[in-house]
Structure formats: C-alpha cells, structure tokens
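Quick one: the structure is below, and I'll ask about it shortly.
Chain IDs A, B, C and D follow the sequence of writing; residue 1 opens each chain.
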Amino acid sequence: MKTNDGQKNHFFEITGEPLDVGEIARRVVLPECGATVTLDGYVRKFTKGRETDYLVYEAYEPMALSEMEKLIDAALEKFEIANIGIVHRVGRLEIGETSVVIAVSSPHRRAAFEACEWLIKELKRTVPIWKKEVYADGETWIEGDSAAFN
Amino acid sequence: MKTNDGQKNHFFEITGEPLDVGEIARRVVLPECGATVTLDGYVRKFTKGRETDYLVYEAYEPMALSEMEKLIDAALEKFEIANIGIVHRVGRLEIGETSVVIAVSSPHRRAAFEACEWLIKELKRTVPIWKKEVYADGETWIEGDSAAFN
Amino acid sequence: MNVKVLFFGATADTVGKREVEMSFDEETAASAALSQIFEKFPELQKNHGRKSLHFAVNQKYADDDEIINDGDELAVFTAVSGG
Amino acid sequence: MNVKVLFFGATADTVGKREVEMSFDEETAASAALSQIFEKFPELQKNHGRKSLHFAVNQKYADDDEIINDGDELAVFTAVSGG
C-alpha cells in the first residue's frame, strides 16, 4: 500500500479471491473527483475461434507488485489523475470471471480514460503475470509480445 | 429495454435509486467478450473553487430514454462493441454519489474505451437531463454548452 | 388546437410551472409557437434568451420550422447538463 | 556464490521446477548466468529460444550485462501475458 498524501490512497494487489469490480471502482473515489474509469478484464469464451474451458493465472508476486507500483507512479506523472487502484487475480478463473481491474479517478474524465487505457496496456507488457488457456483437449501458456517489451 | 439478438441485452434506465456501479458493469458481460470499460460519474465537492453541498438532477424522462436508445444504436454502428448499459440517477445526490454509469463490453478493450468515452460525451450533449448545484448560499441550474449541440 | 407545453430545470423555475396547456393556430411552426410562449411568459426570453433555449416536439429535438399538431407535446429547456 | 533461480509459467513447465539453487563465479553477468542455466536445462533454450526469454534480478528486469551477486534472486520467464 502506497499513500501519496493524506487523501490519496493508491492500491495495487494480487489475490486468489474473486474480484468485486464495483468495490474496487468505488475505493478510488475522492471528494475532488467527478469521474472514475474502470477496466474490468475477464475470461473470454473464445480466443481465435478456439473454445476456452478455463484460465490459470500465475504471478511472480513480489516483482508483479513492484511493477504495478512503478506503473502507478508513472501514470501519476503522465496524467492529470487523482487515484489509482490495480488488482489482479491469480489461480483458476472460469469464463466471465474477472482477472484484472484497473480503476482511475480524476476531477475530469478525459484523463481517467487515457490513464486507464495506458495502465492496462503497460500492465500487459511489464507486470510478470502469465496465463494458461485450458481447452477440452489441451492447454497452452500464452506468451506475450516480446517485441513490445524490448 | 432493447434487445439486439438472443444474447445481447443493451439497457438504458433512469432511476431515483442509488446506482450500483459494479452491478451495472457486470450486467454487460457476455461470453464472447473480454473487457468492460465503465464510466462512473459522481458528485464532485468543488466546481471552479466553489463548494457544492449537493446536486439535484431532473430528467425529461421519456425523451431522455429515447435519446439514450439513439446513442446506443449509434455507438453500435460506430464501434466494434458488444453490449452497452447506461443508467442515470435523478433526484438529490450527495457528494461522491454516482449520477451516471456507462458500461461497454467488447471482445477487445480498445473499442470499449472509445465507445464509453464517446457515449458520455454525447449523453452530456443530447440527453435531456439537467443538474442544479446547491451551495451553502444559493443554487444554480447548470446550463450545458448550447454550441456543442448546434 | 391544443398543445401541452413542458418546462424543465431552469425554464420550469423561470416560468413557475412545469406544464401548461396552450392553444395555437393550425400549421403553427415550432418557432412561432415559441414566440407565443415568450408572449405568455416574457421572463423566459428575458432570463434565458432565444439562443440558449432548445425545444422538442413529442420527445424529439425539433427545428424552428417543424409544424406542431393538435395534441403534440412541446418542451422548452436550456442546454442539457446531465452526466 | 549461490543464487536462487526461479521459473514461472511456461519456463517452470519446461524445467519441471519452480526454483533451483545454482552456483556461479563472482562477477558473473546475467547473460553468462543464463548460458549456464541453459547448460543445466537445455530444454529451456530448445523450447523457448534465448530471444523470447526475459530475466529479472531481485525482482527487476535486468540487462544482459547486469552483474549477479551472492544471494541474488534470478528469474527466467517468457514474455508476460497477464491482464
């Protein structure tokens, strides 16, 4: 848990429990803000035409938390936003279950949209978490885009 | 309530009851989707340095619902998205309470971000709902930007 | 012919009513109806000015030249500020 | 000197372990350590190839020439795919 000042209360967490998108979205609300933009990422049934049975997410947890904190610091530098929350779930997730929630509050909505979209893009590029897709007839660890990182 | 096909279930509502952003965000989830972007708009304590006590929202309800439906149809034409929910609250709202929630689900997140941002911008321009800011020493009906409409 | 005229938010406060019945000639255009509404409620034009008022006929934004019919619902309001 | 080497996801499946202790010479650079890890687990290079592997030293992404010290934690993994 990282606190920028008396009011702001950024948070970044990894948990094995189901995520409550509404609870996370409301946790970033501050009196000086008027808008929160939230990304709720969840397990899609079909990827490239193949039907997914369930997903397994695995994190290098201490590094993932440290990278999330870096993303929060960078987003606060880059955008006119107030408060950020990032929570990622690990373990087995069924279709439709939330894997990641990113909530960004700001006085005005434009910055919150930009920051939220930037944060999920960067999270997918830098935060050491991996997903395995499990199908009826096999399973595959999904590899991210190495080029995006380098 | 408008239903595009067997699965999709767009919704647009005006209510006097408190909004549950998580419930609305999860209501647009579909098996073919992987991401939902949600805007939670709520009452800010300060506007242009002046402290707001509370807000009152008033809607021309049948027209507001009809304009919301038009926005949903237009967004579905314009963006590669799956499901849209728009809910606006009316009546007296305290600081931090949610006035509007727009949730957009899509197979891929980019379109959901774009559509959600477009929908709130258009809602603020066309949907006949007005807000009155109440201060310790008076109150004002807020007027939107006429130029934006014409 | 009779038309229901609705006011909302700032226009309702100005007029002191949310709804009035008014009688217009057949084939009255929305802009002409608005002029008659201004005659009946001069404070509407004074407080808001014609340019900042929008009107809707039967729950749809209407142009100046839209013809109003018997039983229509006309609404007069300032630029929306929801969200 | 002794270093803890961690594997995750695909690399853990390939190696069949999530964690091993390895001994390196003093002043070993990350890239040299990785070569020794490939010698110990040749299937790592075979299945993934050097280019698709990333490594971190003490929970930070590391360059090829980063020097590894006694007691460090080295992690070897494929491009991340969370979110």
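Note that a residue touches a chain if its C-beta (ideal position, glycine included) is under 8 Å from a C-beta of that chain, and two chains touch if they have at least 3 such contacts.
A quick note: this is a predicted structure, and the numbers were derived from the prediction, not measured.
Common neighbours of subunit B and subunit C: there are none.
Each chain gets a centre from the mean of its Cα atoms; for subunit A and subunit C, those two points are 48 Å apart. Rounded to whole angstrom units, the spacing between the C-alpha centres of subunit C and subunit D is 73. As a whole-number value, the distance joining the C-alpha centres of subunit A and subunit B reads 23 Å. Touching of two or more other chains is recorded for no residue of subunit D.
Across the assembly, subunit A contributes 41, 120 as residues in contact with two or more other chains. Inter-chain contacts occur between A-B, A-D, B-C. Across the interface of their complex, subunit B is touched by residues 20-23, 25-26, 29, 31-46, 95-96, 107, 109-110, 113, 116-117, 120 of subunit A. Those residues of subunit D whose C-beta lies close enough to touch subunit A in the complex are 6, 8-10, 13, 51-52, 54, 56, 59-61, 75, 77-83. Of all residues in subunit B, those touching subunit C in their complex are 41, 57-60, 62-64, 66, 88, 99-100, 120, 123-132, 141-146, 148-149.
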